[in-house]
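Please read through the structure below; I'll follow up with questions.
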């Protein structure tokens, strides 16, 4: 049973990668289990300057998932490279993916430059789709021209493979995926969170201080799967699929839709051992569906 | 943090809104001020509850029925198994206190019972000030009486001093070296304004409860801190309200 | 306890209306319960000519909802007016909403004209957002200019209040809502289904014959709520909210977000008595949150 | 249609893939060919199953474990309560048949047991042709033997005639006035091609199971019809394959 996949020239033991923002900088999960079982890790979204993010409440529950409006809280790229990555290297022998956020091109570019020299980072994931960042954050994710400009600028300085993370809050995500590919992205990852809201019946007010927030978890899975399928058809670069994945079966289905690897987000929050358990269940699920090598099922739904 | 299956040993109402649930698990441990995240059937996120007591493999929580999850919890019967994350957060630091004052507002009294018992074990009788809206909302009176000197205040004066916790504190003016408080945010804010010689147990809506999501981060004088990991207990002077 | 609401000049005993496509033409549910308890009924999407719709399979399950790709199966407007409405009138003493689908302006216009004379119809709901109809179906729902043109044309002939049903599969639904308002819509209803997909692990193929389909049910609720909130801010005409509603609490929350009435879809399929049960639970839920009159909470989240 | 809470009386495997579940409910009734929609814990949609028997308040279904829902069903224990919609669809019309032939493929044999018993009650011994892939897949042999003359075919010849149902039918060539068939679509298509003097029980992925969603509509010679409402049983000549 071969669970390994090749992602951007880097071989992952398995396609399961904790999604950015749901696994911190990784090392804290090492207290719970040996995180070297993971394919890789997408680290918490990092910006040039430290950010506290949005006021509380930042979390609301949904029938099949959750809303968040964290707003990219992180200690800033200098501290991430100088401290967080060092702590991670002590407990994680593989390479991770740095996730970069920002609100203007210059910030993105400078942040990416910091990561160029980080040895335990094998790719950069450019988050152009965070629904929780004001000023420009949304335009990067929804306007193909703006997105293309940003990606070209980053690509010029980035010495590692560049993954562009796409927003699902658009009329046609394949337009954005093509814009990313044209601008030089080496891969795309999707989906980021869907915009959602919950209201507190007691107060009559939106629960989140920001009113709306990013919806993630099982409830977004069918949307994510459709978009991965659609984007797989639109571009020739690898697609990393995510959105509501919580079982090994979900991984298989997402790969059949076209994902070369998958990210698992909210499931980690609901169950701290989610990624470990999904990875452990993969061989059994593969056997059940007579799959010998995971790489062979990537995009199967397009030609089956 | 531990992720465990626990067995419900009992689950009973203490008054119209507050319930007590006892959970059994081998070698269960906890420290006063720590909390658990309890999985509730058909709820996506776990629910955080302070540990109100923990000894001999049995952990007690006291919960107020306020919404969907706590409503469903009242239906959980003895013998049912529930998943929970235990040993979450950093509890009260009671090591240096010899004349403690415990201040609980409403359901916030829950973790103070565990703390009071720890003091009693060390031979220290804490002063316990419990503030409620009215006498009907009081719970665990006898339990608290056994482990400390209980002072009561109610908003409507139906029992004890009439007024809020801070007014009662000024009125009774007990001596203390450190106060330990848990309750609604306005109460904690008022206490922190009154004295910084205290520790406050805070609440926040949580995504994970174990430090992964940044959902519960507050700003403190020493930067952002997670209620679920660096907290829920913070020094009174640390919190920026 | 006053559960009644005014919708487009028609007073509904309560705001609960079965959503189009999940309640047939209503009369068949009269076998299960007295459907006169309903606020109104939005009837199965009707087109000018009879339609069989898409090939089977047309249904797939999701973790918190379902996909459908019915494709507007209906007997055509003549039979709907001549037979279905007659059967409905025998068991339903209130007025219903006719839901009109189509793939070109002329079809829409002619279909609406048939309903002008139907006495037991108090409003027309124009479905410009069906994800399951090829040729033009999508452009009506995603392009504000195309949508505006269609709505103006329909408005010219339509003698009843016109509700325009919006698609959630757009970057900014408030643009479409404003286009509808500007073109003369008397109300908007939202959301129609989100585009989603499921793949059969056994065959490796999408489950639906059409590959993608419309996702509905509890999993779409946070997205629907956010869009209703957003549209309520964007327009001055009434908003009818739907998407994943399955309890009386969901109704209250949707109304606080800005809905003047709500529609309940997938819940009817999962539980045939859903609407009846939600209506029965409304007074209790109102009491719990000290609400005397439902009309007073419409849009509360915008000023609370 | 009725919407009911039923109690699981038994739930046991018959072979490696097929299980039998008996459900109790007062005044439960059904007709052969009708189906129920069973609510499965944590599954959004109910699952449709033919009624394999129904008498004295007990309804039997035979189910093959194929996916998430049927996997979860095997975990339901005696005494558990389950919700179900019962009396769904239009069953077989057996009133005019005096020399019936029943043809079941794989799990499709399930509804035929109920039908065979109805014939037996009227004193009619139906011929029952059961087609399986191999001998290991056979279930309810003794039960069928009691109510009719059973003929067997297996794809691999491990029991009975080697070949598919239609080949077996041609080989055994039993006399019949009407055949009643349930099984995989290719088998039903082949049978319909062979003779239109039959009734076919069809399957479709269902949204509701009671006629509301049009999810299960097939095209017939007389227009679109719902498998869940006008079906699941259709005249062989009616279905357009």
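Things worth noting here:
Letters A, B, C and D mark the chains as written, and numbering starts fresh at 1 in each.
Quick note on the criterion: a residue touches a chain if its C-beta (ideal position, glycine included) is under 8 Å from a C-beta of that chain, and two chains touch if they have at least 3 such contacts.
Quick caveat, the model's predicted, so the values are computed rather than measured.
One inter-chain figure worth recording: chain C and chain D are separated by 36 Å, centre to centre, where each centre is the mean of the chain's CA atoms.
Remark: chain B and chain C have CA centroids separated by 46 Å (rounded to whole angstrom). Look at where the CA atoms of chain B average out and do the same for chain D: the two points lie 57 Å apart. Looking at chain C, one finds that residues 62-65, 218 touch two or more other chains. Residue positions of chain D with contacts to 2 or more other chains are absent.
Taken together, the touching pairs link the chains end to end in a line with two free ends. Applying the touch criterion to all chain pairs gives A-B, A-C, C-D.
On the chain A side of its complex with chain C, the touching residues are 62-65, 67, 142, 169-171, 194-199, 201-206, 211-212, 215, 218-223, 225-226, 229-230, 244, 249, 252-253, 256-257, 289, 297, 300-301, 304. Every residue of chain D that touches chain C in the complex is listed here, in rising order: 1, 3, 43-46, 85, 204-208, 210-219, 224. On the chain A side of its complex with chain B, the touching residues are 21-24, 28-29, 31-32, 44, 52-53, 56-66, 68, 70, 73, 207, 217-218, 268-273.
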